[in-house]
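First chain A sits with chain B, and in the next complex the same chain sits with chain C.
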Partner chain A sequence: MKTLLLEFYKIKRRNVWLTMFAMLSVQLLWGLWAFRDPKDWELQCGWMSLLYHLSLLDGIMVPTMMAVLASRLADIEHKGNTYKQLETLRSAGSLYHAKAICGCIIIMLLFAVQFVFFILLGYALGYEGNPDLKYYLLSYVLKIASNLSLFLLQLALSMFFANQMVPLVAGLGGSMAALLLMFVTTYSFLPWGGNLSAALVMSEWDETTRISTYFYRAFSSVETAAVVCIFVWIVVFYAAGRILFTRREA
Partner chain B sequence: MHLSFMKTIRAEQLKLKRSPVWLAFFALPIISAFFGTFNYMANQGVLKSEWYSLWSQHTLFLCYLFMPALIGTYCSYLWRLEHLRNNWNSFLTAPVSRTSLYVGKLVWAAIMIAAGNIWIYLLYYLCGKLCGLPGTPPEESIGWIIGGILGGIVICCVQLTISMVIRSFAIPIGIGLAGGIGGLMITNKGLGTYYPYSLYCMGMHANNPQMELDIQAFLIGCLFHFLLFSVISVVCLRRHE
Partner chain C sequence: MAVTNLIETTNLTKQYGKVRCVNALNMKVPQGAVYGFLGPNGAGKSTTLKMILGLAKPTDGSITLFGIPANEKNRIKLLADTGSLIESPSYYGHLTGEENLHILQTLKGCPKENIDEVINIVRLNEARKKKVAHYSLGMKQRLGLAAALLGFPKLLILDEPTNGLDPAGIQEMRELICTLPSHYGITVVVSSHLLSEIDQMADHVGIIRHGELVYQNTLESLHSHAKQQIALRTDQPATTISLLHQDGIEVSKEEDYLLIPMLEDEYVAHLCRKMIEHHIALYRVEKREKSLEDIFLSLTGKESSL
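Coming up: the complex of A and B.
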C-alpha cells in the first residue's frame, strides 16, 4: 500500500493526469463534432452507435495513450537511476506491482470519465430511451481489461528499455495495427485487437439508403475465445514484465 | 553562421549515429502499405480510380494519425540527449549560435521526413505493380510527395518546439497523435491551411488524390507555420537558462 501511495506521490506534478485527460479531451471533441445534428434514425439507435464508435476510437488511440502512460510511470526511475536504491527499500516485484496497480487505477478513472461524458452527450443530443446499463457496464469492464493488457505490455517494455523511444514506437505501431485490423476482421488474438474483440456493438452500412444499422453482437465461439485471450494477455504481460523487471540488473 | 550551421548538423549526426530511430519510419509505412493494398484489393468494386485509389488507401490513416506521432517520436529523440542530466549546459555553451543549434536538429528531422516520404512512394509503386495496376503512378504523384515533405517539415517545427519545452519523451508524442486526429476534423471543415498538423495530409493529398489543392494557400500556410514555430523555438532557446 505504501509503495502504491508512493507511486502516486512520484507522479505528482508530472502532469500524468493532465496528459491522459488531454488525450481523452481529443476524443470528447471528436464526439462533439461527429455526433452533432443527429438525424431521426441516428436518435433511435444513438446509444448503440455510441458504444460502436467508442470501440473504434479507443482501438485507434488507446495503444498510444497506454504507451505514453506506461512511459511516464517508468521513466522517472530511468532518469533518476533509482532501481538499486529502491531495491534496498522494497522488493523489485512490489515496485512493479505498485506501478501496475497505479496504471490500472488511472485507466479505470480515465474510462469512467469517458463513459460519463459520452452518456451525458447522448442525453444532450436527445437519444431515444436510456443506455442499456448491462451492455454499458460490460463494455466498461471489457474496455478496462483490453486496455489494461496493453498498458501492462507497454509497462514491461518501458521498464525494460531505458530509451523510451522503443516502447513508444511499439505503441504507435500497435495503434496502427489496431486500426488496420478493423478493416479486415471483427476480432483478433493480438493484444492490440482487444478493443476490437471486446466491441459489443457491430454495424452494417446500407449503401442504397445510406443508413447504418447497429446491433448487439452475438459472439461466436472463436470471438469468445478472442475475448478470453484479453485476460490471458493480462496475466502473461504482468508475469513477463515482473520477471523481466525483477531479474534486471540496474 | 555557415560554418557553425554545418558543425551543428555534424554534431546531430553524431548523436544519431547507430540509433535505430529510422527503423520506425521504415516499419510503419510497411504496415500501412500492406493493409492499404489488402483493402484496395478487397474493395476494387468501390475503389475504381486505380493508382489514385491505391494512394488514398496507403496514405489516409498514415498521414492523419500516425505520421504526426511518428514525427513527434523523432523530434523527442532529437532533444532526448539535451534533457538528460546536465547536457543542456554543454549544449548551450557550444561555440555556435542558438539558431544554428536549432537548425541542426531541424535539418535532420527534414531529412528523415524526406526519406520517409520517398519510402512511402516506393512502397506505393511496388504495391501498385504487385496489384497489377497498368502503367506508372500519375505524374502529379511527385507533387504529392513534395507537398508531403513541406507539410511534414512544418510538423517537425511544431514538434521540435514542443519537445524542446517539455522534458518528457512521451508527452510530445501524445500531442502529435492528438494533433493528427484534430487535423482530421479541421481539414474536413476546410480550415486545414490554418492548422499545422493538417498541412502534411493536404500536401500528400491523402484524403482525395484527385482534389484541387490551392497551392498558394498551402505554401503560405506552410511558410507561416514554419516561421512561427522556428522563431518560437529560437526565442525559447535564447532564453533558456
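Coming up: the complex of A and C.
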C-alpha cells in the first residue's frame, strides 16, 4: 500500500493527470462540437449514439494515451536511476505491481470522468429518456479492461527500455493499427483492437435518408472470443512485464 | 551470538557471457570498520557491491549479511539495516531534495525526524526545498549520501562516493565517513580507485584486481609492507656481498644496487669503514622506501590507474 501511495507522490509535478485530461479534453471538445444542435431523430437515439461515438473516439486516441501514461510513470525511474536504490528496499516485483495498479487507478478515474461528462452532455442536449445503465456500466468495464491491457503492454515496454522512444513508437504504431482495423472489421484479437471488440453499439448509415440507425450489438461467438481475449491480454502482459522487469539487473 | 563480520562472501563469482568480472571473491567486512574496497577502474568493485545488495545475481558463491546467509527470500529484510549509494546518486529530478528523502523515509519506515537529521549531516539545508534537477553533481552526491544514511543503518555501502565532488566536498565526505562508525555505530564499505582516498578513510582494506581479491587486511598491515631498505652502489659488488654475508646480513641485487634491510646508523658507519679498508669504492648509500603506491601497483599491476 505504501509503495502504491508513493507512486502517486512520485508523479507530483510530472503533469501526468494534466496530460491525460488534456487528451480527454480533446474528446470532450469534439463531443461539444459534434453533438451540437441535435435533430429529433438524434435525440431519440442519443444515448446509444453517445456510446457508439465514444468507442470510436477511444479506438483512435486511447492507444496513444496509454503509451504516454506508461511512459510517464516509468520514465521518472529511468531518468533518476532509481531502481538500484528502490530495489534494496522493495522487491522488483512489488515495484512493478505498484506501477501497474497506479496506472489502473488513473485509467479508471479517467474514463469515469469521461462517462460522467458525456452523460451530463446528453442530458444538457435533451436526449430522450435516460441512459441504459446496464449497457453504460458494461461499456465502462470493457473500456477499462481493453485499455488496461494496452497500458500493461506499454508499461512492460516502458519499464524495460530506458529509452522511451521504443515504447512510444510502439504505441503510435499500435494507434495506427487500431485506426486501420476500424475500416475493415468490428473486432480484433490484437491488443490495439480492444476498443473495437468492446464496442456495445453498432451503427448503420442510410445514404438516402442520411440517418444513422444505432443498435446494441449481438455478439457472435468469434466476437465474444475477441472480448475474452482482452482479459487474456491483461494477464499475459502483466505477467510478461513483471517477469521481464524482475529478471533484469539494476 | 555477536556478529564479527557484517559482510562475508564465499567464492563470490559473477560472469557476463564469457567474461568473469568477479572471481571467487572472499570478502570479510568486520563490524565497526571503515572497509576500503580498492581497485582500478573495471576491476569488479561495483559488480561486487551490487551482488551484495542483491542488484546483480551471483553466478556462483554465497553472501552472508549480518551473519545470515542472504537469499532472494530474505534479501529485503536483511537490507532493511543497510544504506547504499551505488555508482551515481538516485533521485527524482522533478521533486525537491526533501521530497526525495520523504519517499525513501516512507519506504524504510524510519521516523520523519530522520530527514532533518540527515539533511543537517550532509549540509543540504539551504537546498532542501529546491528541485533536485537544479542541484549540482556534488549536491546530488550529498543527497545520495543523505538517502543512504536515512534510518541510520548498521551497514553503509558507498561506491565511489566522492565522484563529482570538489576538493572541499571530498574532504568533507572523507571526514564524515571516518566519523560514522564512532558517532552512529555504522560499518562502512567504501569503494574507490584512489589509494590516497582509502588511505585517509579506511582502517581495513580489500584490493581487487581483475575480479580477484589480491589483498585483504587492516590498513596498518598494508602499511607494514611499506618497508624501508638501504641501497648501496660500489665498484666491487661481489666483495661487498661477501663482507655483508660475514656479518649475517641478507642482500638482494637490484640493477647496480645492493639492497640490505634498514640497519642502525652505527652499523652503516662500521660497514663503510670496513669497505674502505678493503679498498672498495662506495659510490652511493641511499635510503629506499616502498610506498603504498608501489605496493598497490605490485598487487594490481603496473598498468592500473591510481
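Note that the second predicted complex is superposed on the first by the 250 of 250 C-alpha atoms of A that agree within 3 Å, B and C clash if a C-alpha of one lies under 4 Å from a C-alpha of the other, contacts with A are read in each partner's own complex, and residues count from 1 in each chain.
The criterion applied here is as follows: a residue touches a chain if its C-beta (ideal position, glycine included) is under 8 Å from a C-beta of that chain, and two chains touch if they have at least 3 such contacts.
Bear in mind the structure is a predicted one, so any value in this text is a computation, not a measurement.
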item	value
Superposition on chain A - do chain B and chain C clash or fit	fit
Chain C, chain A and chain B - angle at the middle CA centre, rounded to the nearest 10 degrees	80
Touched partner set for A:Y9, first chain B, second chain C, both or neither	second
Partner chain in contact with A:S175 - chain B first, chain C second, else both or neither	first
Partner chain(s) touched by A:T19 [first = chain B, second = chain C, both, neither]	first
First (chain B), second (chain C), both or neither touched by A:I211	neither
Chain B versus chain C as contact partner of A:S91, first or second or both or neither	second
Chain A residues touched by each partner, larger count belonging to chain B or chain C	B
Which of chain B and chain C A:T82 touches, first, second, both or neither	second
Partner chain in contact with A:V68 - chain B first, chain C second, else both or neither	first
Overlay on chain A, chain C to chain B nearest C-alpha distance, Å	8
Residues of chain A at both interfaces, chain B in one complex, chain C in the other	14, 79
Residue ranges of chain A touching chain C (in the complex, touch as defined)	2-3, 5-6, 9-10, 12-14, 76, 79-91, 249-250
Chain B residues within the chain A interface of the complex	20-21, 23-24, 27-28, 31-32, 35, 38-39, 42, 61-62, 65-66, 69-70, 73, 76-77, 80, 84, 168-171, 173-175, 177-178, 181-182, 185
Chain C residues within the chain A interface of the complex	50, 53-57, 75-76, 79-80, 82, 84, 86-95, 99, 102-104, 106-108, 132, 147
Chain B-touching residues of chain A, taken from the complex the two chains share	14-15, 19, 22-23, 26, 29-30, 33, 60-61, 64-65, 67-68, 71-72, 75, 79, 163-166, 168-169, 172-173, 175-177, 179-180, 183-184
